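First chain A sits with chain B, and in the next complex the same chain sits with chain C.
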Partner chain A sequence: MFSNTLFLLSAVLTVAGALMVVYTKNLMHACIYLLASFFGIAGLYACLGADFLAATQLVVYAGGVIILMLFAIMLTGGTGNKVNRYGLEKIPAMGNKKTYFTAGFTAIVSALILVKITMSAMSGNPAVANLTNEPTVERLGTILATDHILAFEISSVLLLGALVGAAVISRPRKEIHD
Partner chain B sequence: MINLWAYLGISFILFICGIMVMIARKNIIALLLGVELILNAAALNFAAYTKFSNGNLDGHIMSLFIIIIAAAESAVGLGIVIRFFQLRESIHIDDASTLQN
Partner chain C sequence: MNNSTVVSYFSQSNEFIHVHAWLSKALGFDATSLMAFVIFAVIALIIVGAMATIGGLGTYAERKISADLQARMGPNRVGPFGLLQFLADGVKMIMKEDIITTNADKFTFNLAPVLCMVGVFATLAVVPYSSGFILADLNVGIFYLVGMASLVGVGVFLGGYASNSKWSMLGGMRGASQIISYEIPATISIIAIVLLAGGLSMKTLVGAQGGLPHEWFLFHNPFAFMAFFVYFIAGLAETNRAPFDLPEAESELVSGYHTEYSGMKFGLFALAEYIEIFVVCGVAVALFLGGYKVPFDLGSGAMLVEKLGLDSMLSQNIGQLLELGAFVSKTLVLYYVVIWVRWTLPRLRVDQLMTLCWKYLTPIALFNLIGCAVWMYAFNGKSIFTLIFSAAASGHGGH
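Then we have the complex of A and B:
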């Protein structure tokens, strides 16, 4: 009963957040709706018995990525020019009817293709859940430190590279005038 | 009863929403929002299949690495966006049409 309620709540939050990200015209509002969607996905992870994934989702996405996005939006706001450097009128930054039509068309086509190619593989009865809701942190840590130790180390190097790369790229450098 | 199809449907809707955001918007940060939606759809699929298909936790490991990659991608992407704004005073994707200056 509690599990079903949590699932329904999380599903509604996730889907509504994602649809509002598509619908809204305000970039800041889109970011906040994406935050709601991430909270819903954390709830879905909790329904799936993935407690560590739910916590990681909240910490990394809701705490890290969304804040980073909000900082970037605030640092890059206030662009007013309506024409590009060739003097042609630009498409508005959050899209107009034409881009939305293209997006809807592409969404319908990709949805049809996905349904078509997955329907044959999914025709059987869906499997039943076979994992009891026991804590996964200990098993996950054991697997991560034994079977997947190489991927773990490579991801740490990747994160270090991303950190240094982001700092180097966004560093304000002195323009060279000749 | 909640089965695999419910999670796959939610993941499907997330993926389609990400595709639509990435095509409809012309703002680079909004494109990154769409990428985050798509990556979340993939991670949710891995976790759902772990629960409903087999009991081992390799799917959770995959979701964890997807979250790590998404965080790194987001940091570097936003750094590039801020640098691009310093150069062009714009975050419109159509202004990013040349490789050099």
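Then we have the complex of A and C:
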């Protein structure tokens, strides 16, 4: 009963948050709704017994990504002039018939494909049926450091590259005297 | 479920079994989850109430200690020694007009203090007050705590943004950048301790230590000793305390991100800050200073049963109270240090703040992490005292 309640709450939070992100007109508010949606997703992970993933979701998305998004919004500044010097609109129109049609069509097609792919997995998958709340941290650590060591290393090199890139970009430029 | 909770402690007692049997009979279904829910609700209310009181008394302690350091009297009118000053302040805050500035973003403005509050209160779920009295001992306890505490940063930032005032905006920006910067050395220091204990759950972390100081992780090895100070400094910065109180620097920013807040919303910000200090100190105690452990294994109550012939549940309860006392007293000593530091050190500049974090604390924390790993590998996880004792014993035996 408890896990059902948790699932319902998380699912409602996720979907409602995501919908509000799309329907709100204020970018700041969209960020907050996205935070709610991320919390819902963390709850969904917790329902599935993936405790480490749920906590990671909170640390990375709720703690890091949302604050970075808020900073990014701050740094972009307002849109005082909506038309550029050639008279074209800087901000693309979000809702005309063409975009709605394309988006709806794409959504239907991708949903059908997803259902087709996951149909066999969803019905009577033993992994979902006997969910145990075993701690996943230890197994996750072992697998990451043994079977998936290459992926682990590649992602760490990627992150290092991003770090060096950020340092290079933010470094004060030297004046070139000639 | 491997996650032990406060309910699993209570379910050992005879009363629980009696009530459970009676309720199951009266209601006609298994009452385990109902009772678990009720116990959780009651304990959560107790913890939130106790923490709100500690937060309130924190404001009193701050004033009294600052008065001591500046040779003043401090609050001394309301109640004995002015102890009830925080209740009077609370009443004042509730009675005050709740002002929302005209151009404020109302939704965000109202949400920001709540986010701060939720972030801090959610961390209380895994703070280990004693071996039985921990609301939920999650497998990922300390990781969950780090994640939840980062909500405070969002709250501070949104509070600064929503007020639509320059002071608040600057304070909020500073607060958010400071919080996410100092999370890094703090988390790396925590990871070093996780490495020593071999687990993320609070009980594993505390259980790997002992009651006496030489069994604490603080004195486990030189790297853990340094990690404690890195964590403590980063914790001060994360709670926006002096010397890192740039977000609310009163000499330049009026009051920082909560300049425009009045009444109870300001109260929520203040309360969140003071409870967060308690949480940060509590985590420092749990990770480095032996947590709730009391010497000679008194916490489990086995010794009381053996020596005094007490009932096992009663002696367990006495052990829990001893553990609770050990944890809270250590935490309050650190709390005192935090307040003491605030009234002793001058404030850093913004560039000094970032230099300290990125050029000093983060490399030191990384060095500690590697040092701890090497220590664990080289000495098979033994603490420095164990090594000294065993060396002394073998040297003695050699004669």
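Methods note: the second predicted complex is superposed on the first by the 123 of 178 C-alpha atoms of A that agree within 3 Å, B and C clash if a C-alpha of one lies under 4 Å from a C-alpha of the other, contacts with A are read in each partner's own complex, and residues count from 1 in each chain.
Assume a contact is a pair of C-beta atoms (placed from the backbone, for glycine too) under 8 Å apart; a residue touches a chain by one contact, two chains touch by 3 or more.
Treat the numbers as computed from the prediction; the structure is a model and nothing was measured.
Touch criterion met: A:V137 reaches chain C, while chain B stays clear of it.
Of the two partner chains, chain C is the only one that A:H29 touches; chain B does not reach it. More chain A residues lie in contact with B than with the other chain of the pair chain B and chain C. When the two structures are aligned on the shared chain, A:F52 is found in touch with chain B and with chain C. Once the two complexes are laid over each other on the shared chain, residue contacts for A:A162 go to chain B alone; chain C is not touched. Of the two partner chains placed by the overlay, only chain B lies in contact with A:N4; chain C stays clear of it. By the touch criterion defined above, A:G64 reaches both chain B and chain C. Of the two partner chains placed by superposition, only chain B is touched by A:L44; chain C is not.
In the superposition on chain A, contact is made by A:L19 with chain B only, not with chain C.
Annotation: chain A residues 52, 56-57, 64, 71, 136 touch chain B in one complex and chain C in the other. Interface residues of chain C, counted against chain A in their complex, comprise 1-3, 33, 37, 105, 107-108, 111, 138-140, 143-144, 146-148, 150-151, 153-154, 157-158, 161, 173, 176-177, 180, 183, 199-200. For chain A in complex with chain B, the residues that touch the partner chain are 3-4, 7, 11, 14-15, 18-19, 21-22, 27, 30-31, 34, 37-38, 41, 44-45, 47-50, 52-53, 56-57, 60-61, 64-65, 68-69, 71-73, 75-76, 79, 81, 84-85, 90-95, 99-100, 102-104, 106-107, 110-111, 114, 126-131, 136, 139-140, 143-144, 148, 151, 155, 158-159, 161-163, 165-167, 169-170, 172. Interface residues of chain A facing chain C in the complex, by the touch rule stated above, are 1-2, 26, 28-29, 32, 35, 51-52, 54-59, 62-64, 66-67, 70-71, 74, 133-137. Remark: chain B residues 2-7, 10, 12-21, 23-27, 29-30, 32-34, 36-37, 40, 43-44, 47-48, 50-55, 57-58, 60-61, 63-65, 67-76, 78-83, 85-86, 89-92, 94-95 touch chain A in the complex.
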